[in-house]
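Next come two complexes built around chain A: one with chain B, the other with chain C.
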Partner chain A sequence: MFYRLSGVHHADYISDSRMFKVPADRNLAVFFLIIGVAAPFIIPSLYLNSYMLPWLIWTAAALGLNLVTGWAGQLHLGYAAVMAVGAYSAIHAAKFGVPWEFALIIGGLASSVIGSLFAFAALRVKGLYLALTTLAMQFVMDWVLTHSPAISGGSHASLQSPTLALLGQDITSDAGYYYVAFGWCVLVTIFMLNLKRTGLGRALVAVREKDFAAAILGVNSFYYKILAFATSSFIAGVSGALLVATFFFLAAPEQFSVNVSIQVLAMVIVGGLGSIIGSYFGVALILLVPGLVNGLVAAGSEAIGMQINVETLAHIPNAVYGALIVVILLIEPLGLGKLYGNIREYLMVWPFDQLRK
Partner chain B sequence: MRQLTKALAVFSMMGGLITGSQALAEPFKVGVCYDLSKAYTFASPQVSQAAMDLAKLVNLKGGIGGEPVEVIVRDHGNEPQRGIECYSKLSREGVFVFDTLSTPVSLAILPRAMEDGRVLMQSLVGRGDAVDGTVFDWVYPVGPTYWGQAANDVAYLKQLHDGDLSDVKVGFVYFDYPFGQEPIEILETLSEKEGFDLELYPVPLPGSDQASVWSKVRRDKPDHVIVWMLGGAHVVASKEMQRNRIPMDKYISVNWLNEVDIANIGNEAAIGLKRGTNVVGGLDVPLRQEILAELYEKGEGSGPLEKTEDVFYNTGLAMYSIVFEAARKAVELEGLPITPESYKAGLETLKDFDANGLMAPITVTGEDHGGGGKTRIEMWDGETWVPQTDWISAYSDVVWDVVKESSEKYGQ
Partner chain C sequence: MDWIFLSELAINGALTGLLYSLFAIGLVLIYKASSVPNLAQGGLTMLGAYVVVALSHDAGLPLWLAIPLAALFMFALGFGIERVALRRLAGRPVVMILMLTLGLDIFLRGTTLAIWGGTSRSMELGVSYDPLFLGDIFISRIHLVGAAVAIGLFVAFMLFFRSRTGIKLRAIADDYTASWSVGISVERGVGLSWALASVVAVAAGVIWGEVQGVDQSLSLLLLKGLTVAVLGGLDSILGAVIAGIILGIIENVGADFIDPLVGGGSRELIVAAVLILTVMIRPHGLFGRHDIERV
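Here is the complex of A and B:
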């Protein structure tokens, strides 16, 4: 009823490979796009800048990781390091006087080069071995950042980002930062939506399912793996640069440390491997829920006037948040994206679901 | 049951109304966005407990300018993103004095605080060059920088060796990341200036494996070891020192070493161990005694009593004595309500303030936001901390050269 299927017929390949096969999906996407555009006018600036903005940038980053882990099936434990490469090279480029548009691309390309260089070495091994090699990349990057003041910005290891300016326009307002993040996230989402429909996307899926079977089909699995690493690293690099330019305003090694890598991976896994909408949900859960639960618990204990030790108070949200992840993965191991998929599936024929059986 | 909850809700609303109408002017609020769950838990519970106790004591004595004070403690889990969230949320609620007790979060908040005109207190964390008030208008790292602390350690050694360090060998054992690397530059400069030999011993994080480091120390035989590590790493170091038969009195720690570490090292084994500090260690601090009498003996302390028997509790008292004293000065200067500007002015009139013998006297000025950076060396004698020097701030020209060199890069 909500996702009406009547009248939707695919009589040719072009229609069958449309991005949104069910009109309701398209309408929903347009609806959220409109909300996204109108957000600065309807959402208070606190939520816009402390929640929406990091959420969108991290979603873009998580989509990039989803490309390599969800689509191409290669476990990546050093994603934050790749983001760091992009962030630092873009900021250094911008400090050097390169316009931000190009600085962002330089950041992306630098990440791409380093990310796929590592992949070159790493792809000689598979599975868990590959995961450990990418973890090694993370540690190499951590070491480089903490031991080269020229890159990390002096003895405090904090590198200030110059004011962001795009298309000759200095961006300094809350709304401006938000639109940059929003624009980038939409761009990455559109790219990922289209990836599903292209030969590249299908090749990646083939490599993920069984790389030697893909090779028999004529898909050069090594080439496509490298391509997946390079593309995802590009997305990571630009996302990292934007994260610093619009949110942190300065880059520090802790922002791209190994636990951040694990966090992004958790976003992708909790959201659902290979699911675009899942990445949005996963990022929201991993990034925003701890803060929200923290606020709720603090407000709750104040409201009932309970004297809880601050330390205990700080650990309750962690416990709640951990339990939440476990419960969600128990209910649906394929992640939040699949959970949404189930609901959508149910509503598709509701209330006539007998017809399907 | 339902009626009861309704009644309760009505009552609490009435209560809210009544207290709301009583407090016409907003209370002076401090945003304490701390890491209470991850990396800084070795110190953050004691410091935040001190903050809350001190606020209670100030309120018992009638508040500041007749208005109550409030500390709002929130956890940010040492994540920059959540620190920013805490900052943004509280600053929209009218809080304009913040402390993070976390270097990554302090770094993340700094550009915003500078932009929004909010006072960022960052004693003992964050970028040290922020003591340069001419560049960092809104940042007040009151207390010593790590640079200043290292310089003071060298000054202590010079005292110990009757003013001549020329045939002294000093080892520097440090966590191999920015926190530990910070003093190297100062130590190298001073080693040239004073003629002592400097040996560097980087310790890989998290500091649980230091075997190679200390056997190298044994071979090199430095006369003193200055140590820039935290928490459990001190315990590992002490074990390795015992294994290599290096006497404990060679050990001079950064301020981050407390009674918990001493207990883990072993009370006897730790005798002779030294630490640099900007607060008085031990239990006989007048302010602490007052808090015990007024709060803990009446069962109104903000946490367990053991947490107050810790030098980090004294550190917290020192940090928040400064915060509240500055508010008092602000009221004296410009009256209520306290604004960010008047608070800043209040901070900058602090002169030789030592919170009744709790800490090194500080004098904050428009140029020096660090308050002079005095520290002293204390030694553990098996029961308490025994001061080895007066409050000193040595080589300030060398320290300020490094500060200026670093701070002028900000904003470029």
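Here is the complex of A and C:
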């Protein structure tokens, strides 16, 4: 009823490989696109810039990780390091006088180059060992960042981002920052939506399912693994650069530490491997819920007159964040995207359940 | 070249390395018994240390009572973790199990700090801080104690894996389904391995808590522990001990050479480099079993 299927027939391959096979999905996407465009006018700017904006940029970043982990099946625990490469190269380029459009691309390309180094680990090992190698690479990158003042910006290890300017316009307003983030997130989402319809996407899935078997089918798994790492690193680099340019305004090594890598992976897995809508949910959950719970606990303890000490309060979000990961994985190992899929499946034929295939 | 200084570095490195082994044994135990990478060992170690401190300092129990009680508590907790979390994900892809243990690690760390606060506490084992001189070489007593504990645990687990229960655990690691079919309770075996790893975490927590204070930096041992476990081979306890010694020596001597070149703090870098090189050159480590993959 909600997803009307009557009259929807796919009679040829072109119509069967459309992006949205059910009109309701497309309508929903258009609806959220309109809400996204209208957001600065309907959402107070405090919420816009402290919740919506990081949510969108982290979603773009998580989609990039989803490409390499969800589609190509390569574990990656060094994603924040790749984001750092993009952020630092873009900011240095912008400081040097390169226009921001090119600075962002430079950041993305620099990330691609460094990110492809991670891929060489993926050519040798996979699974757990790949995760550990990328984790070690993350530590190496952290070390390089904190130990080279030339990159991280002097003794304070912080680098001021120059004013963002795109297409000749200085961007300084809250709405402006939001639209940059929104535009990037939409761009990445469109790319990812189209990925599954292309040969590249199918090759990546083949590599994920079994790289040896893919090789037997004639899919060059070497090539596609490097391609997956390079593409996802490009997305990571630009996302990292935008994150600093529109949200942090100041690049510091802690913003891209190993905990951040784990956080992005948590977003992807909680959202659901290979699920695009899931990445949106996963990022929202991991980014926003710990803060919300903390606010609730603080308010609750005040309401009942119980004194919770500051230190306890400071560590509750972390405990909640860990518990969230565990609980979601236990409830639905395939993530929130799968939960959404289940609801959609159910509503697809409701109230005529007997029609379910 | 100052040979005495170099050998002092090497010996102290080896002792520190054995303390890493103490931590790594917890990782290896679980991997050996269930092929699950346990990234929550850092959180477990931290919790173990805090429980001992809480029992001995806050509750006023003597140490000889507090440590076994903490071990008992952690033993039960390990079983609980398997029952609540690991069991439902058995047979899932490794990425989910990896994430689950990372989530557990974050949860354990957050909960521990929420209960006891982040200020560093001391363990006060009562081991003297006076240095021990072996000829001209200076050795720290607590490191010696820790190394003895590590070797003791190593011997105990070597014997354990030869016992009937130990052989069951090895069978489980080999193949879950085959073990079920011959009547081994896989759930109980995996639970036991988590319980034992949690007890090892208490030992590591106590020794490391004495060395560097009981605070959240205890969970940062994870990278070093992982490096030791991978270098030794993820399913070899002997490997963990020997790799610990090797990593400790490389780290201590290497840092002495590299630190002046890069301005200090090169230990992390050396550890990460050893991990990357190990995986690149010999993924199954020094003594690990080389798994053959079938299409």
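Keep in mind that, in the parts below, the second predicted complex is superposed on the first by the 335 of 357 C-alpha atoms of A that agree within 3 Å, B and C clash if a C-alpha of one lies under 4 Å from a C-alpha of the other, contacts with A are read in each partner's own complex, and residues count from 1 in each chain.
Just so we're on the same page, contacts are C-beta pairs under 8 Å (C-beta built on N, C-alpha and C of every residue); 3 or more make two chains touch, one makes a residue touch a chain.
What you are looking at is a predicted structure, and each value in this text was computed from that prediction instead of being measured.
Using the contact criterion defined above for the overlaid structures, shared-chain residue A:Ala298 touches chain B, although it does not reach chain C. Of the two partner chains placed by superposition, A:Leu187 touches none, neither chain B nor chain C. By the touch criterion defined above, A:Glu254 reaches chain B but does not reach chain C. Contacts of A:Glu311 after superposition: both chain B and chain C are touched.
Of the two partner chains placed around the shared chain by superposition, neither chain B nor chain C is touched by A:Leu33.
In the superposition on chain A, A:Ile343 makes contact with neither chain B nor chain C. Of the two partner chains, chain C is the only one that A:Arg124 touches; chain B does not reach it. Contact with chain C, but none with chain B, is seen for A:Pro333 once the two complexes are overlaid on the shared chain. With the contact threshold set out at the top, residues 146-147, 309, 311, 314-315, 317-318 of chain A are in contact with chain B in one structure and with chain C in the other.
Across the complex, chain C meets chain A through its residues 37, 84-85, 88-89, 92, 94-96, 98-100, 102-111, 113-115, 117-119, 223, 226-227, 230, 234, 262-263, 265, 268-269, 271-273, 275-276, 279-280, 283, 293, 295. Partner chain C is touched in their complex by these residues of chain A: 69, 75, 121, 124-125, 127-129, 131-133, 135-137, 139-140, 142-143, 146-147, 210, 212-213, 216, 262, 265-266, 269, 273, 309, 311-312, 314-326, 329-330, 333. If you check the complex, the residues on chain A that touch chain B are 46, 49-51, 54, 95, 146-147, 152-158, 160, 247-250, 252-255, 287, 290-291, 294-295, 298, 303, 309-311, 313-315, 317-318. Contact residues on chain B toward chain A in their complex (touch as defined above): 12, 36-37, 41, 45, 48-49, 52, 73-75, 77-82, 84-86, 88-89, 92, 103-104, 107-108, 110-112, 126-129, 176-178, 181-182, 185, 302-304, 406, 409-412.
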